[in-house]
Structures are given as structure tokens and as C-alpha cells.
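Each chain carries a letter (A, B, C and D) given by its place in the written order, and its residues are counted from 1.
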Amino acid sequence: MKIEIVDERFDPWQSLVDYKKNDLQNNPKIGASSVFLGTMRDFNEDSDVTGMELQHYPGMTEKYLEDIVNTAIKKYKIIDGLVIHRVGLLEPTDPIVIVASWSEHRDNAFNATRDIMESLKAEAPFWKKESTDKGFRWVKPTASNTETEDTQDEAQ
Amino acid sequence: MKIEIVDERFDPWQSLVDYKKNDLQNNPKIGASSVFLGTMRDFNEDSDVTGMELQHYPGMTEKYLEDIVNTAIKKYKIIDGLVIHRVGLLEPTDPIVIVASWSEHRDNAFNATRDIMESLKAEAPFWKKESTDKGFRWVKPTASNTETEDTQDEAQ
Amino acid sequence: MHKLMKIHVKYFASVRDLMGTESKDLDIDKSLSVYELWKDLTAKLNVPKDVLIAVNHKYVDKDFKLNDGDEVAYFPPVTGG
Amino acid sequence: MHKLMKIHVKYFASVRDLMGTESKDLDIDKSLSVYELWKDLTAKLNVPKDVLIAVNHKYVDKDFKLNDGDEVAYFPPVTGG
């Protein structure tokens, strides 16, 4: 398992390849890999977004990400999982998060990656502050915070 | 959109990066990328698998893959999609297929990639012949061919 | 007198093994369904229940009538991905 | 006479902006819940409905009683990913 918080722009695919070099690259038990990449858009709801600050809670964030991946490993019998999450100052098109799950069969890989993303959005202590054409604003979660990308319609 | 049939081992992540260089890499409308990679295992059901031959129907295969991706683009309003599928002689750990979908929000990217994989398994004319410790056998689809990885319990 | 129709036939996977060839060009002198053509090609065997049929790269059912220049393919259920 | 308990407080995101500081070290002389501590820290304000509370990196509810050495954090709903 790999859990990493990074404070500079990272290359998600290279990070994946680097991690897999350890062991997974040549593991013939793996039939399915499911990867999700979240990247920063230049818009959110009604506004243009020019930049973003991503804050986190060092220590608690890593703990929750580990718990989330361990839960997916047990629930879906996945062989391994990875989460790399960006913090600090971001620009549009910057990678925010990459999640990967490796398993024998595709159902499990798909479901694990999806669950990890939903749990991350609901539980992991990260906060986004956007710089928009209308000023700075903290991003508000959606109603459930598990159904769609974060959106908001008023500044905070 | 990219649809490609390749007859030699390919690097799925490099293929993804190469394709994205065209345009998608710096598209700030994209918030979510969902990628699935299928790789060859060294076992299937009750047998060790040492090699595989993947046959396809040139012309019809490409047509169906294009139709499948176009359906996902319309249904989930994804921004773009990619399918690269291997044919020919494969060894365990070889990439078989990579599917990618790019969209504004994660629901759409997840669902599109999943739908493309299920449709590919159900409709695209590819056939696997495994070399096992018990001899060669054509892989049989599962009952629905859309619920789990292909498995089989008897030689054909 | 009927005009001859040219039909190109392809086989894949286990059906190819069964037929012992990859493809075949035929001239037929009356309109046949893909099912009737299979019987002509196999000493009157029925089309096995799980054999799929495509004409000009699209799946068809067994009553589909062939036209001049068609490419018809017979193959088992697909197992890619 | 009570032994003083050392409590480390952290704030994040909009709560940090509201409080005007990132963290605070306190000595308290009686056991408090995380809710009571918030009132002490804010001129008796109630904890806003959507503020989340964690003690030693785990989410707790507002009646959770603090112990010596605890780290308590107050923050708004999370929006990562």
C-alpha cells in the first residue's frame, strides 16, 4: 500500500509506474487495475477558478487514507491500493488525487477504487479554497458529499 | 477518441500519456479521469496458464469499439475516451486492454469506463485461447459475459 | 436465370478450427439466409445454438438474407478484455 | 485541588479563519467535553451545526470528554479529492 501527501505538482502516471516497479508490475495474479485521477478544473458552478489552496490535517489525513484503503482491501479482496493526494497551491489542470486498486477480477478493482474515492471525499480531512473571479472562497461539500464532485453556489 | 488494436506488448501508461499530449493533458474542463487496465494472469479457474493467443475480427472489432465509446460519450457526456486492445500471442503480466474516460465529474468518468469494459466484453469480437498445463483451450464466456472476468471450467 | 451472388465467408476461433479454414469465397445462385448458407457449408448441420453471425461487421439473426457482395462471419461468443 | 490537563487545540479551513489562529495550547483544571471547550474558547458561542470535531485524529461527537494530553481539532466539512 502507498499513501502519500505531496505539496508539489506530481506526475500521476509516473508515480503509478514507479510504485508498481516494486513488485506489482510483474505480479501474474493481477488481472485488473482500476485507476482514478482527479484534476483541477478552471470552473466550479457559476465561476471561473484561477487557483486553489488545498489544506489538510497532517497525521489525521494519512490515518484516514490508510483506514479507507485497508477497508477496501478487506471488503474487495484487492491485492494492493494506492492514494497520492496533493496539498498546497494548485493551478488548473494540476493533478489533485490519484487512486489505484489492483485485483484478480475487474469487479473488485472497479468497486474498490470507487469506494476509496467516495470515502476519501466524505472522511479525509482536506479543504479546498478557490481563487475565483469573485474572490476567495472555501469550497462547500455537496449535500451528501458522496454523490458528485464538490460544487457550491455561494461564497463562505 | 482513440481506438487501437496492437499486436505487440504495449506500455499502457505511456500510451495514455502519449495520447493525452495531443490535447487532453492541458484541458482545464477535465476534473476526472477513470482508467481500467486488464492484464494477463497466470491462472484461470482450475489451471495454470502459460500463454494466450488473442484473435480478433479486423474491421468489425474496430467498428464495435468505436460504437461502444461513442455510446459512452453520449450517455455520460464524457469529453473523450480511449481503448487499446492487444491481439496475438501474450504472456502472463502482458497488458490486454486499457480503457480510459475523461469528464468533468467523477460519476461520469467511472460509469463510462465501466460501461465500455462491460460492452467490450459482451460485444467486441475477440477470442482468447489459453495454453494451460492441460493443453490449449478456447476461453468460454461466463453466463452473462458481463458480470465477472471470463472464467471457464472445461476445455473446449 | 439468376445472377450469381458473390459471398465472402469468414470463421473465427473454435468455429475456424471446426471448419478447418479461415475464409471462403462463394457464388450462390439464389438468395439464402445466413442459416441456410451455414447448412450448405456443413453437410446440412444446424447452426450450433451459441454460434454468433455477423454480416458486413454487424450482428444479425439467423434469418438474415444475404445479398450480393456480403461478408458473413460465423464465430463463438466473444471473450475479449 | 485538580491536576491541570494539557490540551492542544487545532483549527482548519474556515474555522481557522474565524478563530484567527492555527492552534492553541491550553491548561484546563476540570474535565470538559469538546463542546464545552469550544464555548470556553469562543466567548460562549455554540458549536456551529456543521463543525466537525476530532480528538487524537479520530472523529468524536460533541459530548466527548477530553483527557490530559489530548489534541482536539475543529474544522468544517471536508472537501478533498
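Brief remarks follow.
Everything that follows uses one rule, which is that contacts are C-beta pairs under 8 Å (C-beta built on N, C-alpha and C of every residue); 3 or more make two chains touch, one makes a residue touch a chain.
The structure displayed is predicted, hence computed values, not measured ones.
Where touching is counted per the definition, chain B and chain C have no chain in common. Taking the mean of C-alpha positions as each chain's centre, the chain lying farthest from the centre of chain A is C.
Once the centre of each chain is set as its mean CA position, chain B and chain D turn out to be 50 Å apart. Note on chain placement: the centre of chain A and the centre of chain B lie 24 Å apart, centres being C-alpha means. Here the CA centre of chain C is 75 Å from the CA centre of chain D. Shared interface positions of chain B, defined as residues touching 2 or more other chains, are 38, 117. Viewed as a contact network, the protein chains form an open path, each link joining two chains that touch. Interchain contacts (touch definition given at top) occur between A-B, A-D, B-C. The touching residues of chain A, counted against chain D in their complex, run 38, 54-57, 59-60, 63-64, 85, 96-97, 117, 120-129, 138-141, 145, 150, 156.
Taken together, the chain C residues at the contact with chain B in this complex read 10, 12-14, 54, 57-59, 73, 75-81.
On chain B, the positions that touch chain A within their shared complex are 13-14, 16-17, 25-43, 92-93, 104-107, 109-110, 114, 117, 147-149.
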